[in-house]
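Shared between the two complexes below is chain A, which has chain B as its partner in the first and chain C in the second.
What follows is the complex of A and B.
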């Protein structure tokens, strides 16, 4: 069903989803004239940049070795490259709908390759080892009378998080809105979020793990000998723990890019807090649909972060499998910048490996990969399903038509060619 | 006479030699050994396609030679016999092994002896992360056996280990003995951050000297020379773990991790102190 209406020569799309940050605000009113977006009502500054920065891409639809090519030639070339590889790898997938993720899983299976979603391994590993006590943003919005922001700056990175979900909304349980809630912020820098806090704890850089272990000890009532931990006096940490105890419903939000022992510490702390009062934890993920990729991978293969398909076997875990990124002999980068993939071993290694790049970027670099295929811009020119950072799926609608096919369509075409070649 | 497997090509594609182990190949006719399926990239190929095969494994010994850096799972799940590797191996060496001996003259990758239940692994060079560790989602790492490393090791060695011994001649990375349930880890070089985080029981000896970066949930317990040290030194010397500087005087003892049971021990050289 098309919910848009036309007023004069403008098309108005109500309740559009903005994919600029992990909040995935779904109340944006987008006004379009022809193929230009004139206004994104209700969007924050990041959201405005996302909607208004979109321009109709021009130039060729694909490049092979930096030379302009048509779509069919590029798909054919990509299929030859991927089907001929002995250890192909599909990476990226953040800027892609759930439908695109499904197509990527099917393509990876047909070429016998690996599939990796970068940057989620720490959250997944901690989920597998200590679990995750979590909820939806709606629950935080209605119930959380205590919020701790751990080393994140949502005022800057997720501008509408506080006003829509976490701090300001009034509810039956918190009729006073902001006045009924307590905001604590722990960070290493003077951030904008830190300035809004009722209790601000600026700690030393690189000491998060000590601080988390200390908090866990204080929550459990274990006596600690040190007077100062992570550059903060013990009594300040104790004040924070008193706040934990006083909370009826607490929420801890941290940067989704955090890694290693910090994530495990945060998740364990929340688990232990639940012995006294209700507490939940949520990573603040960045924009795009990385959460969706994790969901699709789990329901299609049973493995959330990285998987590989080997002839005659089911999907195998590659979290603990093989150094696939260095071992690959062909890489398909789906909707991402190939230069900033965060589990990239070294650019040197990757550069030698032939690459296929699918990109919704309006001005892609023709030399960025052996084959570059342009796709409709994610979040603006594509319809489908996207996942908010709390795991709630939302419908995404294309507000502007694109000259280029969707990621899903390109992946299906490549898979079709691969199967044709095999036959 | 041993079975000799010599890698002849130089391709970088991952090769997984699952099942190529003395207890499995013993008594197999040479032609059948040549046809033994292994993984090469995303394909399954016969062993003879990647390795030149000589000899036979009747005496339960397999020798590996050539470029083995991308040959993974050597000796994985082995239950008896001996594997001798001349060179450097890939990941998952000796993973889930339950008996026998593995010797490597060079380095090895991540997951050496992961979840092993028994046996002896000795590596002259350095190793990657997660030595003797538990696989994701698994509750226990190694439950018995010995892993000796002459060089240095990466992060999270002995994660969730339940029993057994890991000795590292050089330095080790962060989070050694993370969530350790029991067992022994000895490190003779410097040590990364937060050793013994969430350890329940077990012993970690950090003998590199210098300050040790411990978590606030560890508590000083005393300074003395433990009797077990002489026993473990004698035992490790007997198995060929040499060239390290064993501490001669008293040691400092810390107990932790108080967050999880707190019966673990971290031993450091006298006056090493906290970082």
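What follows is the complex of A and C.
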């Protein structure tokens, strides 16, 4: 259903979803004239950048080896590269709707390749070892009388999180809003968020895991003899634990990019806190639709994070002794930032392998990959389903039309060409 | 255009809804429906399946399982080692088809995550499907009860089902989940417990939503998972619940988990109280049940009953997933291993079978394992064998701990289900309980969902490997192999309700939810092929 209305020469889109950070604020009023976004009412500074920074992409629809190419040529070349590879890998997927994710899974299956959603292994490994006690953002909004921000700076990274969901809202349960809530922040540096805290605990760098295990011990009532741990006086940690105990509905929010041991420590702590009171935990994820990607991959294959399709065997877990990403001989980056891979140890290997890039970036680098195919800009020119960081699904509506096809359409074209080549 | 016909010739047909009990007949189908044999004798079907000597039944209907949505997907992520019992959407559809089932309903979807559930339903092939929308701990419902506004409540239930594209109203531990969100040991132990903040009771929630479902003329009545699931001595609450529902139609879900004798802390008192409960069911035609049979082996506890998830995680010391969903419900997931050497598990197994064997009217008791809570739906053929073969059942009972072997009435029960009774509890009955007039039978106008079995002295073999499975007139399984992964349809309701409630509802919604009112309803064009069930 199209909820937009036209006033004079402007199209007004109410309750639009902003994909700039994991909050996925869905109350943005976007005003459009022609194909230009004039205003994103209600958006934070990051959201404004996301909406207003969008300019209709011009130039070629694709490049091959840095030379302009048309869509069909590029799709053909991508199909040749992927179909000819013995171990192709599909990676990325943060910046597309679940419709695109489904097409990516189907393409990976038909080329017998691997598929990876980067940056989710820490939370998944923690889930697979201790589980997870979580909630939707509205529960924190309505019930959380205690919030601990653990090594994250949402005031900067998720600017509307506190006002919409975590600190300011008044509810039947917390009629006093901010006054009914206690905010604790633990970090290793002076952050903007730390300044808002009722209890701020600056700890030593590198001491995160030590601090988490200390908290677990204190929560369990184990006596600790030390003046200072992780650069913080023991009595300060004890004060924090007293706050845990006084909470009716406590919430711990942490940076979704945290390392595996920390994530596990935080989730274990929250589970243990539920012996005494109600506590929940939520990773603060960055923008895009990585949560949707993880969900689609899981329901389509039964396996989260990374899978490999082997003909005749169905999807297999990529950590089941199968060729890993490093063994890939062709990589398709689907509408993510190609730099995302450059954070990983396999960079060197991947730099050398032929790469196909699908990107909604308005000014893509023509040599970012052997084949670069442009797609509609995610979150602006695409409709479909996106998942918020707490797993709540939301409808994304294109507010301007695109010159370029959707990720889904490109992936289906590539798959079609792969099948034709096989036949 | 001349319609194309598919004919199933000479099969032995079991179609209990139409009073057909093992008669040799031909079936004609066209356009996805069962049709009259063409009057023109010249007409040749495009294809004829020779079913001589084979058993023909309507496609199976699973009325209570957990196969899609955020909790199932969380379980898949958390427990990939149990992929066999919580498979992908694709495998789920194919496995149902491989088992001769063509319809299944997920029994617990939070409306806030309905969009997610629908995305998974679209990706589940070979079956028609839908879900029940959770509303037992819904704040608006509790508010309407407190303010004594039944009409507002009724309109809300209508709106919620329409907005989520759900099929029926589901109550899970009404009031208890809300209390658990409020207090660490909070729950509702009986129908008169006060719900914090809302000043209503579980009994009021039960009766009000049951009334609203009847008033809205929903095809399926209120679907109830009552308080105290899995706890010793819970049978009294179950009986109170059934009594509280008098005067309304209602379905009691996975009744096995609610039929326990015993007291706090003393495991030796644990036992069966099926007797008084089944007697009540037998005497009250307004009620139906599904069993929630357990099978020994791995399972996944998966429920909107948040405190039950916590209980299981603590009991077995396993990983535990919990998700509180604003204004609506909780969600708990934890792996379980049922062992036939553990007395409580053995009791659960026996109690499920006692229900099947003591319920007088097969039309009001449905096959289920509450998949994957009692085990996988793939266990249905084994359960059928336990029902059809008393010797096999008694041998299985003999392997259980002495207290169950000696105290369960199972040892005295010689009843054996007939093929027709099996057809009732696995398709005709659940379809009727769901109010699906086009499913569960083979009369003219029914959906052409047909399963053809090869008779075998061992019912488990017979039901595990259907020879043919036809879904909406298309052959999905042939000679035991998948031929085509058909696209199923999503079945949902679109009740008429008083739209006058919307301004108040919207105001409440905008002040409570973390998403906007406009972004909550699931649009019809996003749920794939679908059908509104009147």
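As a convention for this text, the second predicted complex is superposed on the first by the 413 of 423 C-alpha atoms of A that agree within 3 Å, B and C clash if a C-alpha of one lies under 4 Å from a C-alpha of the other, contacts with A are read in each partner's own complex, and residues count from 1 in each chain.
To be clear about the criterion, a contact is a pair of C-beta atoms (placed from the backbone, for glycine too) under 8 Å apart; a residue touches a chain by one contact, two chains touch by 3 or more.
If you're wondering where the values come from, they're calculated on a predicted model, not measured in any experiment.
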{"item": "Partner chain(s) touched by A:113 [first = chain B, second = chain C, both, neither]", "value": "first"}
{"item": "First, second, both or neither for A:210, with chain B first and chain C second", "value": "first"}
{"item": "Which partner reaches more residues of chain A (counting touched residues only), chain B or chain C", "value": "C"}
{"item": "Partner chain in contact with A:149 - chain B first, chain C second, else both or neither", "value": "neither"}
{"item": "Partner chain(s) touched by A:128 [first = chain B, second = chain C, both, neither]", "value": "both"}
{"item": "Touching partner for A:82 - first (chain B), second (chain C), both, neither", "value": "neither"}
{"item": "Partner chain(s) touched by A:14 [first = chain B, second = chain C, both, neither]", "value": "second"}
{"item": "Contact residues common to both interfaces of chain A (with chain B and with chain C)", "value": "124, 128-129, 317"}
{"item": "Chain A-touching residues of chain B, taken from the complex the two chains share", "value": "12-14, 16, 39-44, 70, 72, 90-91, 109-111, 114, 130, 135-137, 174-175, 178-179, 193-194, 197-198, 215-217, 219, 257-259"}
{"item": "Contacting residues of chain A [partner chain B, same complex]", "value": "85-88, 111-113, 124-125, 128-129, 209-210, 213-214, 216-217, 220, 222, 224-226, 229, 260-261, 268, 308-312, 317, 319-320, 322-324, 326-327, 329"}
{"item": "Complex interface listing, chain C residues touching chain A", "value": "68, 70, 72-74, 76-80, 83, 86-91, 112-113, 115-116, 119-120, 123, 180-184, 197, 310, 313, 318-327, 333-334, 512-516, 518-519, 523, 526"}
{"item": "Residues on chain A engaged by chain C in the complex (per definition of touch)", "value": "1, 3, 14-15, 17, 26-27, 98, 102, 124, 127-139, 141-143, 164-165, 171-173, 248-249, 271, 274-278, 280, 294-296, 298-304, 315, 317, 385, 387, 391-395"}
